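Below is a structure I'd like to ask you about.
Labels for the chains are A, B and C, by order of writing; each one numbers its residues from 1.
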Amino acid sequence: MRRPAFRRSRGEGPFRFATTGAGVVVLAIMAAIAVFLIVKAIPALQANTSSFLAEKIWTPNATEPKFGIAALAFGTVISSLLALIMALPVAIGVALFISHYAPRRLAGALGYVIDLLAAVPSVVYGLWGVIFLIPFVQGPYTFLNDYFGWIPLFAGDAVYGKSIMTGSIVLAIMILPIIAAISREVFLQAPRALEEASLALGATRWEMIRMSVLPFGRPGVISAAMLGLGRAMGETIAVALIFPATFDITFKVLSNNGNSIAANIANGFGEATPIGQGALIASGLVLFVITLVVNTAARLIIARRKEYSRAAA
Amino acid sequence: MTMSPAVITRVSFSRRLKDRVVLGLVWLAFAVAVVPLISVLWLVIKNGIARFDLEFLTHSMRNIGARDAGGGAYHAILGTLEQVGLAALISVPVGLLTAIYLVEYGQNRQLARSISFFVDVMTGIPSVVAGLFVLAFWVLVLGLGYSGFAGALALSILMMPTVVRSAEEMLRLVPNDLREASYALGVPKWKTITKIVFPTAFTGIITGVMLAIARVAGETAPLLLTVFSTDSINEDPFNGPQMGLPLYVFDQAQRPNVTAVDRAWTGALTLILIVMLLNLVARLIAWWRSPAKGR
Amino acid sequence: MAKQIEVSDLDAYYGSHKAIEGITMTIEPRSVTAFIGPSGCGKSTFLRTLNRMHEVIPGAHVDGKILLEDQDLYGPDIDPVSVRRTVGMVFQRPNPFPTMSIFDNVAAGLRLNGRISKSEAEGIVETSLKDANLWNEVKDRLNKPGAGLSGGQQQRLCIARAIAVSPAVLLMDEPCSALDPISTLAIEDLIAKLKNDYTIVIVTHNMQQAARVSDRTAFFNLAGQGQPGKLVEMDETSKIFTNPTQKATEDYITGRFG
């Protein structure tokens, strides 16, 4: 068998080498990330005098270092999930609005507004959260706490405003654009023929959307939600400014609690000793693994959908 | 449905109602999404404009006391421009060449498939983890210290996958006809790529690169761990701690004085302006190209 | 300049799928050879083996021998890139380079293959456009994008681009199928003129066109569904169209199948 042999042209070899080399560099970077994080985490993990997975407190700078990921991982997951629960319905609504409800002219402009929302740096949201949102939510929190405090979720001391809930609200605002943008994309891809077929059957617009757009878009929306979740988990600065940096595992989302792996890295880095830095790196590894799992799940769903839509084409 | 031959009946009330309710909900969702954006932009402009003056843009925070007004973000703006510029200088060539490999040479090779997979993984790396990596590798293992360049390394890890993906998409949009036309003229593959395929995809690629730059320009967490932070001007990105604009906002926002918070708002305003400007340029390039496509 | 092509026992594959099998033929210089046959019988595939464009497709390869005069195109030390410089090609759909002006399009092959001076390029561009019967239409707008021309003009631009590198052979794969009758006639006239200098091979689904422009005609056919395409017969065009040897050829030409 002959291979396409462009071997004679000078320049072909070096160019091909450069492109392949660049690709290999990407692989090398990924390998280096894994290797160096692990290498720097190990000494700290060895110095740890308690269980890294089960321990809640974080005192790696003490002479007897004690630190564990439990409370931080819990905070990361609960605040991100809460953010997703708040963002997802709104994002789907926004996506539907742009893809099927807004006048065509407006739709393009609204798409830009969503992109704009995505372009605002997270530190700005953090600043907004600290200066504006925290005082703003104190009233509503107190109200919820006073009247619905019997629900465990709203129990605890809710007057501070710095809480899991506040962080989640900011996270929700931050992940909304990406979920909305991807969902809009999949809604727009819904086969027109199917939509017209249901309209021709006398369906109202909502019935048409429910019958032909939503089922078609479901896998895309699910994976968009997962990608959003991954983003929320890795988000650092905004929540570092908002969370009160406690180390409890609690579902009292309005109380003066809250922390996440990323926020802890940002807040704890300044005074970290070498062991402390190693401990933070170890926590970063955990964050990396969690987001990797979430993102991979999202990508698998997208890949499945692609196969499906190709078969349908 | 009941059989009512050839009579146009109105859609039943409950179905119309449902349709209306959903319409309302969809509008509501949109309003809910836009309110925070307006609130953020409004507060940033309102609170930021007060200190958005020449002093802010031309002075650092050196010798500014804890409660003093005055001072500025010159050192931070300079740092951000240097760090982002260096990050682009690193990630754009690597990213573009990788994209070219994936589209033009990779075909279905095992290597191409694993690169593609790891580019996806890289896309999902939380920015703080990229910062931790550079901290571990550059600062702790190699002992090269905190510097603007270390920050640029972290930012380039975040930029790279975006550059690869957007360039890849643009290169795949180039019709295969053009490649074949060039091959048929006896043009070698690498020249076909550099002189025919790449120029055809160029504006699209530039747009992608600008958006990637805009995205990392606002990153704070990786800088926190790599460039450290300083109140003075450090023009040299290769030596010693620097400042970055996002870091400046973070730093000032944590200080307990009104004067610092004012500076944080102004820093946020400046940052948003820079990011929006980059976005705008990217969109202008994309827009400028699209009508030409049809012609 | 024009050269003879001798093909012997040629097979072409896409991966493990054999698209054409056992093709043997001689293509005469300074003449037009037409390839006809039902869709999917491998005309394009065969045409693309003649300038080694076939192997650009991932997994595609060729078995057999093609001699250009006395040079084996698939010889071990032959660079496919240089083969394509000698054997030019025009495609079904006009494909001018969108980022280039009309001038740059015609000069592309020369410039990308090595440095040439501006005046040299100007001379070659002018003669190529004249040879392609396009000069008068575009001489005032050589710096405008090539994509701004009409379909027929674009196709002639592509022909000018192909002949600018002065190949010995010109392969054309259904060059008129995307064009209106007037542009088609313009291209047919052009082919008649070009055959004085080049060996021309043209694939066409238009029997009248084959009869009008070609000196010799080759008829390809599929032995059956999923089987490789084969050369059924090849002869003087007048003979093929009036008195073919094979029944299949007659059936195809008279429109009984295909």
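Just so it is clear, contacts are C-beta pairs under 8 Å (C-beta built on N, C-alpha and C of every residue); 3 or more make two chains touch, one makes a residue touch a chain.
By chain, UniProt protein names: B = Phosphate transport system permease protein PstA; C = Phosphate ABC transporter ATP-binding protein.
Everything numeric in this text was worked out from a predicted model, so none of it was measured.
Averaging C-alpha coordinates per chain and comparing to subunit C, the farthest chain turns out to be A. Ranked by how close its C-alpha mean sits to the mean of all protein C-alpha atoms, the top chain is B.
Chain pairs B-C and A-B differ in how many C-beta pairs are in contact, and the one with more is A-B.
Rounded to whole angstrom units, the spacing between the C-alpha centres of subunit A and subunit C is 55. Between the Cα centres of subunit B and subunit C there is a gap of 47 Å. Chain centres here are Cα averages; for subunit A and subunit B they lie 16 Å apart.
Counting partners per residue, subunit C has 56, 81-82 as the residues that reach two or more other chains. Taken residue by residue, subunit B touches two or more other chains at 188, 191, whereas all remaining positions touch fewer. Multi-chain contact residues, meaning those touching two or more other chains, occur in subunit A at positions 6, 9. Remark: subunit B residues 107-108, 175, 177-188, 191-192, 195-196, 199-200, 202, 295 touch subunit C in the complex. Across the complex, subunit B is touched by residues 6, 9, 11-12, 15-16, 18-27, 29-30, 32-33, 36-37, 39-40, 89-94, 96-97, 101, 110, 112-117, 119-128, 130-132, 173, 176, 180, 202, 204-207, 209, 227, 230, 233-237, 240-241, 262, 265-266, 269, 274, 277, 280-281, 284, 287-288, 291-292, 294-296, 299 of subunit A. Looking at the complex, you find that subunit C touches subunit B at residues 51, 53, 56, 58, 81-86, 88-89, 91, 93, 95, 97-99, 108-109, 112-113, 145, 147-148, 158, 161-162, 165. Considering their complex, residues 1, 11, 15-16, 18-19, 22-23, 25-30, 32-34, 36-37, 39-40, 43-44, 47, 93-98, 100-102, 104-106, 111-112, 114-115, 118-130, 132-133, 135-137, 140-141, 157, 160, 164, 188-191, 193-194, 214-215, 217-221, 224-225, 246, 249-250, 253-254, 261, 264-265, 268, 271-272, 275-276, 279, 283 of subunit B touch subunit A.
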